[in-house]
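Each remark here refers to the structure printed beneath this line.
Chain lettering (A, B, C and D) follows the sequence in which the chains are written, and residue indices restart at 1 in each chain.
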Amino acid sequence: MFSDYSWADLGAIFAMQGFAGLTLFAVFVLMALGLAIIFGQMGVINLAHGEFMILGAYVTYLVSTFFAEYMPALFSLYFFVAMFLAFLASGALGLLVEWALIRHLYKRPLDTLLATWGLSLILQQTYRSVFGAREVGVSLPDWMMGSLPLTDLIEVPINGIFVMILAIGISTAVYVMLFRSNWGRQVRAINQNRDMASAVGINAEWTDRLTFGIGCGVAGVAGSAFTMIGSTGPTSGQLYIVDTFLIVVFGGTASILGTIASAFSISQAQSIMEFFLSGSMAKVLTLLVVVGILMLRPQGLFSMKLRK
Amino acid sequence: MTDDTSKRKSGDVNRRAVLAGGTALTASLFLPKSVRAQDYPTAEINTTGLAVTDDAVTIGILHSITGTMAISETGSVQAEKLAIEQINAQGGILGRKIDYIQEDGASDWPTFAEKARKLLVNDKVASVMGCWTSASRKAVLPVFEQHNGFLYYPTFYEGLEQSPNVIYTGQEATQQIIAGLNWVTREKGAKTFYLLGSDYIWPRTSNKIARKHIENFMDGTSVVGEEYYPLGHTQFNSVINKIRLRKPDVIYAIVVGGSNVAFYKQLKAAGIDMTEESPIVLTISVTEDEIRGIGGENIDGAYACMKYFQSLDNDNNIAFVDAFKEMWGEDMVIGDVTQAAYLGPWLWKAAVEAAGSFDVDKVREASPGIELTSAPEGYVKVHENHHLWSKTRVGRAKPDGQYEVVFETADLVEPDPFPEGYQ
Amino acid sequence: MQERFILKVEDLTVSFDGFKAVDGLNLYIEPNECHVIIGPNGAGKTTLLDLICGRTAASGGSVKFHDKELLSMREDQIVHAGVGRKFQTPSVYEDLTVFENLELNYPKGYSVFGALTFRCDDTIRGRITEIAETIFLEDMLDEKAAYLSHGQKQWLEIGMLLIQDPELLMLDEPVAGMSVAERKKTAELLKRIITDRSVIVIEHDMGFVVDIATRVTVLHQGQVLSEGSMEHVQNDPKVVEVYLGH
Amino acid sequence: MTFSSFMTRKEAFGFLVLAAVIFLVLPLALDAFRLNLFGKYLTYAFVAVGLALFWGMGGILSLGQGVFFGLGGYCMAMFLKLEASTPENTAIQSTPGIPDFMDWNQITALPAWWEPFNSFAFALFAVVAVPVALAFVIGLAMFTRRVGGVYFAIITQAIAAILTILIIGQQGFTGGVNGITDLRTLMGWDIRSEAAKTTLYFVNGALLFAVLMVAHYIRKSKLGRLLRAMRDQPDRVRFSGYNVASFKIFIFCVGAAFAGIGGAMFTLQVGFMSPTLVGIVPSIEMVIFCAVGGRLSIIGAVYGALLVNWAKSTLSESYPELWLFGLGALFIAVVMAFPNGLAGIWSERIEPQILRLFNRSKDDKTAPKRAPAE
């Protein structure tokens, strides 16, 4: 299929294809990080994860409208404000949900799945009632929608770079928080032995709530970032949920590093297959490979080896 | 209701009433024409037990207002309600006010079938305005044929269908596609096309027709790629790279729903400036409604080929746009399907009045040949095959989310749901 | 020809992320002996039982039961071969009755089809009553297991093993958490049931060990520290060192 | 097995009430349209009963039951579609005699794997065999490797996603997003008429009872006790000498078979089959039916399916813009406040009341007329 192209063409395409794979990787990481915290550290299956992301997207929409209206001069910078507010909004909703729902269900992980599915229906309808059934258009600052021409042939989308930087930043932040901060130690302690953690004076209740809130907040930031590449409507969140869960499970639940590795392998596989196959078949094949590997290695790519 | 004592033969008069529309004021969008209900005794105009009383007739509205398709179908519901309100303001149909029962198809095809059955069997509605996706239409079609209901279907669609129980107020695929391809080849000198679509029957059939036309009916043109992505797909970087590799003159895109937003944003971010027209982006799936979600600045310079744009400059349309905004809000936009949905109640009114009866069989018989001169898109006429004769237009997207009409077929294009040589 | 050992554990090794919980261990069990394994916490006692009964996969070595290699068998196959295992914490089916608990372990209807067509006849009922008497629960047959005392649950679990009549019985701390009276009864029970089979017992209670053991193995850091009669082990300076030296 | 060991009087009473509801109360109380709707709901009950077996009793949550429901439904739809695609009916096509969607996708001959579906016997066999075969493969791969709980749920969800994309992508062979529509007759019998739909309702009810009896038999057998045992103490069951995986595979296959039968009846009752029934959303909803009914109770599962769907239909008719709130709240309420669903409410709240009533006045014959679900 490549016989009629020059080497320069092919080189450029492969470079850009590699970049496309990396962008997809960053997108997957953003999608999965919040879930990895919640699912990996707390064992809660949050099927409303997509709706938390879309909340972040709606917040971004509101902020962009506000800036366009009242502070057009600062419009090019609004995105940073929006991401921060998205984190706060989704995080606050997360705290509320943890308090009202999740804390009653810690011993029943499969039930969290059902309850959060109900929650996702309610959130979807709330978005629909508040913002209307149509998608909202989030206008983005011009600088985010351009591309950097590296050579004559190779152009790199700026939003791709942005998403990548964001993914790296948030992963690092989450990593530092989990493995360097006091909160992280508490979370991991609770994850490993809840009773013992409580016995040594860790406030398990608040740590859980905070963990859930932070996971949701990260989802909000992801949603905010996705306004650059995806749509913002009441049901847009559903598009992400299966992929997200697969990434987290594929990575091995207890490991942030695993999530990142799994996002990387799935994104590369998908982006390479998409180049050679039709889009639908590429998706089917990617999912099949992931499910196949999970059947052979149910604990995921990375997992803690524990003495049972 | 104004008094009009002289009883006339309904057919002629109403035809004239419909034809005589076209003034700029909302209330008189169609010439007010009052008919007294008692001139049409219920027993005579409704011999099949439909929901018709001495002063009201009930129809159904069946669209998704929840689920993934609500994004698209909301506009249709709004347009249909506007048309019903306007018709009622003019005195209704055969002196009867239109009531409607709205059901939610919930973006789920079995639910559509269930609700269609409910509307026809339980509520005995005289007609139904509804459906959007082909799948929902296919799901309700057997129900309509079995219970002899009458459906006005607003969406541009793939064709290959002609039901006695459906009036298709949107364009079928050849009507929409061929004019655009001819135009882009003739005016822009395009030779190579990259076909792209969401993975379901409408994009696939449309691209099939496009491919046949490009390969068999035009000179020196060819298809250099064809590609489908699952509904809801949001990652188009790989296909954009493939397109770069093929360097087509035209990206022929039939991406739908949320994928649209992702596709155009990523296209723009990848450095493909559509205003430079290299390649040209030509779509048949992006109406003004979709641009709201995409963002005008992200699709600036793309071309769309369909029968209606909100920016059409004629009196009918200006009145329609004003009325629509008055009813639903200043920030509303109107797309091709929304306008087609708006035609539904009017076409039905015209057919009922021509038939002098609400009976589905009589309305069906009266339907072919019904004309609306006052349609926002201009003049339309119902073909024997239940589709509409209509003009096809090409618009160029502007940053404000509107299309600038750059081309319009000289004549009405004949609907041809089973096109020879394209299958 | 009867082999001398019914169970031969040779060079058995397992490591968790580099930590060798059992390290090149050898252990031989003779017919009809009550072999007690003792050792400080973390010596690898429970892991050893887990390895023998297939609960944990070994990294190397071999476990031969008669001439069958257990390491390549599934748990249920190992049970069918004649090895029974009781867990440290009593694990019985809490929402089933004592009768049903025993019935579920009656060695019949192991396959899916067998379980679907399994019927409790008089022979089975008789056997269940017999076992219930052995484990002092004949009056509790219709009680839900959840309502039993801790000691009674231990007995029930032993009963569930007995009904399968295993050739080798492995008991992980059978008297842990028992009252003095229960402890005495359990010792009695064990003495009765070890008469016609081999038993491996893990136990900390030295009095109890003296009471039942025919042979004792001391484990330390995954390896055999000492082996022999209770008396021999007690006087082994290495054992004294491990137990008192720290 | 004597009757009394197969079924206690209390259980028999529960089945009788359910039979009365399905075969008497609903047909008498509802018009043809509503009865037909309940016929559709009953087809979901097949799935819910299966879920009560392997989720409620076995502790295995599958979020991919729509896959089996859909496969059963598609097998039936393929047969019906071939019957409907006579050369006369399809004369307008470029290749008459093949299903319309194939013609639209430029397929000019019936694919070989469609051929067997010309036979009704084969189609009936496939309705059960295809879902069971897939369940067997999934079960074998997952349960022998001891994948369970959340992992199993998510993997089955991914399988639902894969199958949906596959069906939609291979539209020349499957009808794509539209599904297989416009099914008309079953062996010459018009399934679209009101009379046929009413007949199908009763066939549905009868089949459901057959399935319920099978489920009940399994539940009462040793296998049923083993399932509950392995849900709570999987290790103990292994060390009692049972191959846990084989039991899980078996019960998963039984659930798949039930779902397949339900799917086939759905196709007959509704007149088409569509990929929207295969995907993730319907699969989760099916779990909800079971949860609302009470995940441990097979009778509860039937009431759950009926009640949730009825609520969905009526709520969406009266409050089309708000019904999702109601549905979402219902899910949450069931999980939070009534983890054992309707069956739990019945056995914990209502039944004791009734018993007390009985004990107070022995000759007072106020037997509970209302079904637990109402």
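Worth pointing out:
Operating definition for what follows: contacts are C-beta pairs under 8 Å (C-beta built on N, C-alpha and C of every residue); 3 or more make two chains touch, one makes a residue touch a chain.
All figures in this text were calculated on a predicted structure; none of them were measured in a lab.
Between the interfaces B-D and C-D, more contacting C-beta pairs are found at B-D.
Comparing the centres of all chains, each the average of its CA atoms, the largest separation from chain D belongs to C.
Averaging C-alpha coordinates per chain places the centre of chain A 37 Å away from that of chain B.
Annotation: 44 Å between the Cα-based centres of chain C and chain D. Taking each chain's centre as the average of its CA atoms, chain B and chain C sit 76 Å apart. With touch defined as above, residues shared between interfaces to two or more other chains in chain A number as follows: 124-125, 128, 238, 278, 280, 283. Contact with two or more other chains is made by residues 55 of chain C.
Shared interface positions of chain D, defined as residues touching 2 or more other chains, are 165, 168-169, 321, 324. The residues of chain B lying in touch with chain D in their complex are 65-66, 102-104, 106, 108-111, 113-114, 117-118, 121-122, 133-135, 138-139, 141-143, 146, 158, 160, 199-201, 204-205, 208, 228, 230-231, 418, 423.
Against chain B, in their complex, chain A makes its touches with residues 5, 9, 13, 16-17, 19-20, 23-24, 27, 124-125, 128, 132-140, 142, 144-147, 149, 155, 157-160, 226, 228-236, 238-239, 270-271, 274-275, 278-280, 283. Only residues 65-68, 70-71, 73-75, 199, 227-230, 232-235, 237-242, 244-245, 257-262, 265-266, 268-271, 289, 291-298, 401 of chain B touch chain A when the two sit together in their complex.
Interface residues of chain D facing chain C in the complex, by the touch rule stated above, are 1, 217-218, 221-223, 225-226, 228-229, 232-233, 235-236, 238-244, 246-247, 250. Taken together, the chain C residues at the contact with chain D in this complex read 53, 55, 74-76, 79-80, 84-85, 87, 91-96, 100, 103-105, 107, 109-112, 115-119, 160, 164.
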